[in-house]
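The following pair of complexes shares a single chain, subunit A, combined with subunit B in the former and subunit C in the latter.
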Partner chain A sequence: MTATTTPSTATRVPAPAPDGTTARRRRRGRPEPIAYVFLVPALLVFTVFVVIPALVGIFYSFTDYVGFGGWSFLGLRNYVALLGDPGIREAYGFTLGFAVVTVVVAQVIALTLAIGLSKRIRFAAGLRAIFVIPMVVSGIVVAYVFSFLFSNTLPAFASAVGLDPLSQSILGNPDLAWLAIVVVSAWQTIPGALLVYTAGLTSIPGDLYEASSLDGAGPWRQFRSITLPLIAGFVLINTILGIKGYLGVYDVIVGLTGGGPGNATSSVAMTIFGGFTGGDYAYQMANATVFFVITVLISVLQLVVSRGRNIRL
Partner chain B sequence: MTATAPALAGRAPGRELRRPSRGGRTSWPLTVALALCSLTVLAPLYVTVTMAFKTSEQSVDGNAFALPAPFNPASFAEAWQLTRFPVSFGISVGVAALTVALTLLLSSLASYAIVRYWSHRFFRWSFVYLLASMFLPFPVIALTEIKLTALTGLDNPLGVAILHAMFQLAFSVLLFSAYLRSIPVELEESARIDGATTWQVFWRIILPLLGPMIATVGIFAFLASWNDFMLPSMIVSDPTLQVLPVVQNIFQSQFGTNYNVAFASYLMAMAPTIVVYLIAQRWVISGITQGAVKS
Partner chain C sequence: MRSKSMAGPPSAVSRRSFLAGAAGVLAAVPLAACAAPGGGGRRTQITFYEQKQEVIAYFDELLRQFEGEHPGIRVVHDSTTAIAPQFVRGEPGDVGCFNDNLELARYVSRGQMSDLSGLPSASTVRTDISELTDQYATFAGRTSVLPYSLAAAGVIYNKGIFAEHDLPVPTTWTEFVDVCTELQKAGVTPIYATDRDTWTLWQGLFDYSVGSLVDPGEFFGRMKELGTEVGPDSDVSFAKTLAVPMERAKTISSFFNPDHAVRGYADGNLAFGQGRAAMYLQGPWALSQIALVDPDLEVGTFALPVSDDPDERQARVNIDLCLYIPAATAHREEAVELVEFLMRPEILNAYNADNLAYSTLKDGPPQQDERLAGLQQYVDSAAFYQGAGTFVPTSIPLGNYLQEAIRSGNFDAMLDQLDADWRRLAGREATV
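Presenting the complex of A and B:
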């Protein structure tokens, strides 16, 4: 749909014409002045609060600016330094790995639940209402609650049943802490995906299933041959929005591990924010610019792949 | 996808999600399985409630699922004071309300102009320009945003609301314009023949028709603003003016072992939206679904 036009143009920001004089007269004639009164305020605040900060940030990424005082040009030196920075590489590795794992986990669970809710079951509306609750609560508060569960309740439970590896808090384990972040991020984002899938499943005519079961197709076959192809567009939009959200992961990590133990769960967003207190402002702006480019590239890549497979939004 | 929305608009909210035509009788095993799955949502909420009513001694005994014994509601009074609940709650309400108002005002007006004058380059390009920010994560511009708000005196809840609205703009314009495209031009043209100005057409004809989408955009804007931690924690420089999710961080440091007080505070932070959601559940779900499908 409309969303498909965005990514291809996202990288170049077209300069809007200063007034309507360049616009060609077409079918419905010249826009009245009031049309500009409707549109220009939004463009103006958007430019001031989003576009200009983005451009200023990109500009500073080519300098040695520390957040105040003077600066001089460094060219691409910040970017070169980024490539050789093990902390940055770890943060990107963690964030990308986390995003991929979480998007798979969350989509599989959300789709399974949506299909379950679409069958003949009792209390469907009530169950759906419960599944959507995580969507209305604050991520940081949820993370604090889970932080308690992971560091107190789970170890107590594990040592009671004799599961020794889990008797220590997984939040303090550099190899396992990321799992906690996946669990809480998925917990929070499953409802949104679930509602999209529910809408997608509703759009599939029921007689398709009836006809196929007359032909002897089992539930798995029906899922592979009817459900999945018909909701492919919904899977795509969920995946794109999901990955974009997970790449920016911050709140959940602050609430669970604070990026630790060590830097084991430090996301790209956290390293960027470090630039404000750490004095490497310009350096982190270069990091932010790279992060933006990667976010856009991943979204575009997903769209291109889906185009190739004939999935339409 | 787009075509379904106007048809749904008139019907009772929530109803359209029911699917009548899948044969067979009630599957009890599936019902039980889904009910068990719902425990993953309910258990953390249950723990939050029980922990909030425990004494400090019981809250550290390791059994989070035990019922409070003795029942101790005093934690709420302490949490209320520590987080200065009325103040932070009020600020959160104000920020969310202003975000919703700004988002609705800017995006509905802009979308209307964009859709009606789509044939003009300026309006078409403006659409792309606004939508490009859908792929701009906040961390990318966070550092310059902190400087900008400090320079302009917006390092306060007002600045948070403005920025929340800005980050809601792309999605909202997308939703509104998709919906507006389905409203026939003839509707306004007849009003224009009767002498209505563009402003009157927008106010009297377009806005009422936008009703369901206004609810959707409003819900998304409200939830994004009300639950956000990242942006206010960066932007608001005066800690006494912080929003509700951010003030919860005091329990991470100073009051490390007073879990009962911390959970009482978490509960007070979570309860308002959960209660409102449960009351208006069908309506909220149908609103969110419309938004999700349209995107």
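Presenting the complex of A and C:
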């Protein structure tokens, strides 16, 4: 977020400054050279710790390297092997499905909560603080707490009230375990989205609602014609960040199901990480490269679609 | 508030002096790092990698003793959990003490370990134990590791529950099934299982079911030779060779606690410690955890019988610790000194006696702990095997497959899946 806002604020800096000289005018709209200097540290860190390791990883995905010792080129063999690996295909299917479902669930709930909190209700500030708590707890801790709830509390409760289908933990059921992961991931990420939506809602001028209610618009009409279009950018950023985050889902699954039962909840990130401990470094680097390309494509697609509808970030 | 305090330094200190100070600090860091090795005077410093949590303090003690005897050598004990980064960086240390498994085998098979066959202590190791390590990997002409500690595992059982129901320790498969059935009838959970931690499934259920029927070392040796040829027509395969063992596993899993699918290792130790189950398919590492729950609980261990011939019973063992000297060491002489020190019979035997393990030396003393007494005969007569699950590369999620097989009861599908995975891995030469 900060990285993307830095250049844009820098470009805007000269604009409001009152100036009369022609030299200054020529530079209008272009960044001050000093802006590039400010970018250097971030760029350096990003290059050294993200870009270079990523490129090294991509390079090794074409080899049989195990992390040490010698290696030889395999060409595209790792990639061909990936296509024929049912475990990998299942992981992609699960991860993509999970990301889509969770992003929808989380956005709907976050937006609903944000709208509720933006009304003049009692204890709004206190409630907001409570809703944000999940954000500050680490994912693995949340997952272990929920794991206990799902395996002990919920079944005990269900058998006490006679809800037989739930008397067995859903974590042990390959058809339902993914639901638990959606619930926990959504619970954990809703606060972040909620904050963004709250910011978005406060940016809408109140007189728009006043004017529309004078014209006879009801709450639903107001939501569709004023709120939603004006926070479309916020919805977009939340969706992109959400999808990106959910695609990388790891700690919640490790804490809840460990990828099981069977491989029902194994995510792509988990298969990639398995390569480091399993001596499958190059193969999983190929997997990571494919995953990276897919993530970029999804993000670009989202941007293109939103540009087409005139939504700006 | 924050921006104010951040704006502070430039006004209080001039920018130039601030930058100079920062540069000085940065320059000092690597210098300090360089100074450390020389800190001990003219002593040579070597690094010892050992990361088994429970015995880090134990080895620290031994290292201080070693330094006392060798004033010229300083040993740094590095307990970083992963050894891969050290090898990746090309700094694998001078002496390592690690679990002998497929991970270590990767370094052995690629010649990353130096030859220890010339060391005086190498000939004191039981050959039937050193042969076990060759089952994972070898490097031609080298003794790459020296087995240090042998752990044996079987079925841990609650002696009180067995006595209460007047049940014998089973010596055949039929007896074992009878015992389980009796317990079930009496309303006692026969076996506590913890599917949630998948390693417990292959370590217990899978390994014990296979080991006494099929020799894992031989089976996987042949599987490696076959590679992509593994299938319905090959002389061995998961589906063919492990069919009977997995029938056993299926039967055993029918005696699990009803909520086994969502229980983890810690739940299991707690439940068994509280006497909520009669048997527990775990290794000696669980004994100390169970003792935390109830120090007075009377437990014993027996090797799981999976055939009706009592003489075919074997114990699952693993080389819990082995010593190696990486080929890349710059202090081989000092490293050898340390290995020879640790391999001294009085030190090695004491370590194993103290840590519920077995000596790897010829004429090593028996393990005195009575909780493990039931396994001594197998260790003495080398009636042991290394768990089949330890031969399966982590790229094949065996534990997860077992979860699914136990749930559905379809172990045959799991074996077919394992064959398919094995072929695929062999196709890209990733079976070690």
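Definition applied: the second predicted complex is superposed on the first by the 267 of 313 C-alpha atoms of A that agree within 3 Å, B and C clash if a C-alpha of one lies under 4 Å from a C-alpha of the other, contacts with A are read in each partner's own complex, and residues count from 1 in each chain.
By definition in this document, a contact is a pair of C-beta atoms (placed from the backbone, for glycine too) under 8 Å apart; a residue touches a chain by one contact, two chains touch by 3 or more.
If you're wondering where the values come from, they're calculated on a predicted model, not measured in any experiment.
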item	value
Touching partner for A:G67 - first (subunit B), second (subunit C), both, neither	both
Partner chain in contact with A:F49 - subunit B first, subunit C second, else both or neither	first
First (subunit B), second (subunit C), both or neither touched by A:A269	first
Subunit B versus subunit C as contact partner of A:T295, first or second or both or neither	first
Residue contacts on subunit A - larger count, subunit B or subunit C	B
Subunit B versus subunit C as contact partner of A:S167, first or second or both or neither	neither
Touching partner for A:S212 - first (subunit B), second (subunit C), both, neither	neither
Touched partner set for A:Q222, first subunit B, second subunit C, both or neither	neither
Partner chain in contact with A:S151 - subunit B first, subunit C second, else both or neither	second
Subunit C-contacting residues of subunit A that also contact subunit B	67, 275-276
Subunit B - residues contacting subunit A, complex	1-2, 4, 14, 16-28, 30-31, 33-35, 37-38, 40-42, 44-45, 47-48, 51, 62-65, 106-107, 109-110, 112-114, 116-117, 119-123, 125-126, 128-148, 162-163, 166-167, 169, 173-174, 177-178, 197-199, 202, 223, 226-230, 234, 244-246, 248-249, 251-252, 259, 262-263, 266, 269-270, 273-274, 276-278, 281-282, 284-285, 288-289, 292-295
Touch list for subunit A against partner subunit C, complex	64, 66-70, 74, 77-78, 81, 84-87, 150-151, 155, 168-169, 171-172, 174, 258-264, 266, 274-280, 283
Subunit C residues touching subunit A - in the complex, by the definition given at the top	84, 87-88, 90, 102-103, 106-107, 110-112, 195-198, 259, 261-263, 393-395, 397, 399-401, 403-404, 407, 420-421, 424, 427-430, 432
Partner subunit B, residues of subunit A touching it in the complex	1-3, 5-7, 9-10, 13-14, 16-17, 20, 22-24, 26-28, 31-32, 34-36, 38-39, 41-43, 45-46, 49-54, 56-57, 60, 67, 113, 116-125, 127-142, 144-146, 148-149, 152-153, 156, 187, 192, 195-196, 198-203, 205-207, 209-210, 233, 237, 241, 244, 247-248, 250-251, 254, 268-269, 272-273, 275-276, 281, 284-285, 288-289, 291-292, 295-296, 299, 313
